[in-house]
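The first chain written gets the first letter, and so on, giving A, B, C and D; residue counts start at 1 in each chain.
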């Protein structure tokens, strides 16, 4: 779970990156960083823990027309400024700066190989193996170094890489994570999602293709198929929850339209006859709730209010009791819920804790019946490819049947969208998606050392 | 524009205040503060610039079962930690702590009187005159001191005041600003809105009545009609925009239901025949948009995405151009808008700058026609009673006709709700509201020194 | 224990105050503050906890040709930004800014009088009563207000006060604390000591006289005897320890020469026959040690090294054992001490803790005999006039005989300077000094409420 | 210019390091850092810009019985948290933590070799080449890895290195920089100077010998001659200025005694007949001044007062004029200087700026004649071995004759100690010292890339 952004050829490139990172903040709130390269080829980094708005306003120190940036989410264990991105190192050829979204499944093996040859590591990030491999390449051109470095790397990676006066973007051969190309006057922009192109006013050109390296330097833009494409494995969870609704990802697929379609399909598969109204958990399930209302004819309501001022540093006060975290973040609208049979839509259930708290709030506000509808199938396995899902032990649907989940979260009925229904609803479906966390159909062997991977992952 | 909160009789009162302030953050983001009184009667204050989540996590220093809190919005000129609330002073009887929502219209006169008698002032807040007046009272009991201090005070005030082991709440005789009473076990809670009762789990009892002082001390809760009630002048703008939708204010009126009704009334008064869809400006106009959709039968869409990660410290980068502030905060969903005739709902137009930026975004995303509908009448005058509206010169509707506004913001049509329609739609209407900013019908003479008032206002 | 400084008539007055406060840092390290008055008569304050070098570098916000400043020491109990100086308040006549060095003995009574008339207090400082009294004066001119305010004020005060475009300096009728007048081109400067004149390049003119108010405004400088002078009670401890050696205080008396003379007198009164060498506790006892060496013919050594990098925030690590605080601050030079009979000079002994630690260090470094010589008499009583001595219970010489002290601090011999010897040695002696902490001869009744005074003291 | 410290086998090792760094603060004030290794072999680093007292109080996060620390001085260009020490990296064998005092003269060559083999660098420090070389070693034992890494490394280095549960100390074959061994109960301590042993209560054992590696692990302490010793080149400037006077360095030589002897020798070589008094520039020249007074019979005075509160962040105010920086730091005592012919002693003159400012202060305070005496020879060349002297262009004695310097700094006479005199006076002299900055007799070729070295140096 990370957002990446790069700019080549624009005045105050770091300012544009800064703006772009605002739009990618939903992909990672733990740390943010920018590397900019000035006219003399000197690369400078600024990285801070926290939100883009909290720490990265020292842009006057980041001159230059070439810059890349990163927003990062990570588990607590590896939360540290040492692991903040972008990576910036010096090597024979000058410098390499790299921002990574995804997870390298064989990072432990690659790291061991490098260590056996005497390499040292400053962080616990899988991304650090990539810069080592680039530096060890005998090739002269940055794109040759990058192409060489990516051979044998297994897993999910979307990358923006700067070296010298060259900016590169690359995507793994299965196309797991999104990465789009934009143009802003004479400048080239790379971003995880189109919403970040929009904010800087860049026009959407196309996706970086699976296995492709796109290169921008003084000679302009060119591309090469650095890695042979493999079966497409776009992450369906990007449509379900992760990407921003105003973005288009994966060959222009609209996230908003995907979610609306998921909601309609959910309405077809799991109606709630006799219910009085439907509402979504804000903000991520609003579009699906709208689709569900459309399909079922139930009136849409705004029954939950979300408090957007809750900071990252919120320390839970003891008074608020069992469901306090949920209570600080959401408040039900009693006037809407009182005495009603309600359908509550959410995009997914992971641990079940938040859902259970929400149901409790909704019941306390007077709802007579609560019918939960989920716009995706049960999450039964962890993701090894860049989404920060918890281990199998913590995934409620890996451990309980749907009926037991319904009892656990205390709803009158619970319906999940089918795998087939989900894949049919998303743009470009049903083929070509990774749905391992729903289906168990993992495209790669699991990492040999998943714990270490967790702590070593690039995002 | 402030939020106030008070607790008497609960363990870790400051923790409850802290939690309550999270729910009142929408009423003021400039500074936040808490005063707690410990078992020995020692009052301690913590005040910080910024959000509750940013600065007020030093609660272990604030022991006691009695505490009050405040979130404050203010214009830049008087933005200073010296003006942060609650006010805390020592005087003959011990200490007085006071948190104020509203504006005292004759603060300059009252201050001059006090200065003529040799009083000194540490801040530029109108609230400071109230503690001076309390301290000068010869009465012994805190509520007598407060009652005496409030004689002759003109304007809007909802107050929570602590002195000794007594907590008091008071509301001006016209009942301008909301203030509610709650119970949490044996403790009493006061809050600007019910959403702050909900977050601490307190039950809503009733409003503090206009002109009433509610007193809580070792003898329990009692109340007195300290000031003769006058014609009720509840602020209609609280329903239109300011209060949180999950709150009930003014004798239990639901803000969500009010906004839904405003949207329906707007649909009746200003339909948009031939339009393809309707959407609201998130989050404040969502309920009105839903009402409008209901009334007109137009399909509701989520056409604008709001970025909630934009911090207070955002410094506008030069690249983003004319409408950059709006662009960082909102992004249109092209798939929804492209080629469509759209109705955009907002709660109000103040300066017109944001609206103009939004229309520009919506057009750039491909909308064919933009029909703007506003769920309140044109704002033609400043508020002297606690809402931070700009001066008349900056109010677009005080200077341009509706047709000229439509041209200025570049819409195909523009419709405002009528004054009568608005007053008919809100709970408890149409009588008993202050609508001076829409109608010019000011309940008091304007302050003699409005500029000074602006810098001297309590919230 | 405070330092005060004021400038009238110089460009960037706040910059000069800032510089002057660097030189007065030894008079208070807890907080520092500056108030500057701009060309429009607007007074602005900056106050920070900590050293001048840590917090007061925002001088660009403090425009104007009139400014005052303050460095403050205080006991932990009242350590708070609310008590930081200068005081700045608004009143009928505009503003009053005041910086105070000394202690008002009858502050509690004066405060009670004001409270009975309804005054409110924002701090626990005695200085706040002075601005209340100025504001209550019916007089029009600032100096009349100040003169009126000072009537009946008992105790020690040196003040710089700004109001309108007037700067004033005043000193209590007994002249307890120093305060000097300087000229810098056309500007007038007031400072606690001449070392602060030196740093800004101002020429020393004379002392502000006991009971005098010196006034500087557009008409130039004038003075008035506002309070009838009383028996002079200059603080002898300023010469012994508190003032900086490069300063001249009290009608031009040189602190360095005073300390040298105290050392010589100590040599005469308490020689140490058979000793090998003499050294002082750095830096404050260096001059006395030099005088002692001169008088006795013993060779002077530098046997203790002081670590000047120990910050205010030093948290004592458990490893360092019993005398760790002393060990972090001082280190003995073994080569100098080993096998030697040494005379160690200090300016005074207060609690005895530091002395005991130093003796232990010196012994551990190999000294064969340690003969302690103190360049002042035993401290047997607290100071009520502005020096932060502890209560009688903590003063070692109030509780133990000289022999018992010698045993307690583990020295082979201990000699104190006599009261007569001290008074004969200091410039302008032996009459006219306050030596209450040595002699018990208090010029005023003790404060009725010493505890409250401690927390309420101006410095 | 750095201080290093290491502990093996003590509870709360990081706390001891913290304490030790206080005593080594004079060797570097730019940044400070600690690495501690816990019982599970996990190494954690804390590094901060600024003084030990300002940033390193998070010791509760640094558990373990093995820890090393570093204080660092550096030129502005490479001032960055990325360059703060200790270095901490992961590699095949676990982790390596390293703290370095000195400069590697052939760092550029060694780095190029590593880069040619594909190594990447995270900083611009020469020390980083050492950890790369250790990691590339095929040896299993940490001391074998270190011994191998040091082969062919040219220049000055004193090192403490931790890896696994082993702590090591090493010193270059010429013994340029000091490094001592101490014992604290069963624990072993390494420190740049003995003053840091004193503060933790450790007993001084002996020096780490030139070319030696001292190893401490579960088997206890052992040592090996890893590099063949070469002609001893102890830095004479450590005695002249850099080390703390209470330290013993270089086989137990007392810094205090060295400086006293330098002062006496200076008195013999450069007397000042007819002078009235002598004083030193505090604090560093105090011991030399005492020696000079002893030798010449001139009375010693304390004529300059140093303000120790001047922070690192001091921003020079414009008012203070030409010599303002000096004026904030030093103030002359007029009573001592007025009308006198004075001898001013300093340890060395580098750029001449400070000296010139001091002379101007002393003259302004009324000195009739100023005779400057310097307790070392003219500094005519830069140091490539760890002292941060400026380039030749900025060294006044590399560009002007002694007479011209005297004119430039405006003294009546100027005398430098001779090279022979200096070498005769220091303990263990006259052979075996590096005096390249005085004599031009550089033990190594100058670095090929001195500029890069400056920015890349370890301390």
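As a working rule, a contact is a pair of C-beta atoms (placed from the backbone, for glycine too) under 8 Å apart; a residue touches a chain by one contact, two chains touch by 3 or more.
None of the values given here were measured: they were computed from a predicted structure.
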Both-way neighbours, i.e. chains that touch subunit D and touch subunit A: none
Distance-maximising chain from subunit C - centres being C-alpha averages: A
Interchain centroid distance [CA atoms averaged], subunit A/subunit C, Å: 61
Between subunit C and subunit D, centroid-to-centroid distance (C-alpha), Å: 36
Numbers and ranges of subunit D residues touching at least 2 other chains: none
Complex contacts: residues of subunit A adjacent to subunit D: 88-92, 96, 112, 115-122, 124, 131-132, 135-137
List of subunit C residues in touch with subunit D within their complex: 10, 12, 15-16, 18-19, 22-23, 25-26, 29, 51-54, 57, 59, 195, 198-201, 244-246, 248, 254, 256-257, 282-283, 286-287, 290, 294, 299-302, 305-315, 317-321, 324, 327-328, 331-336
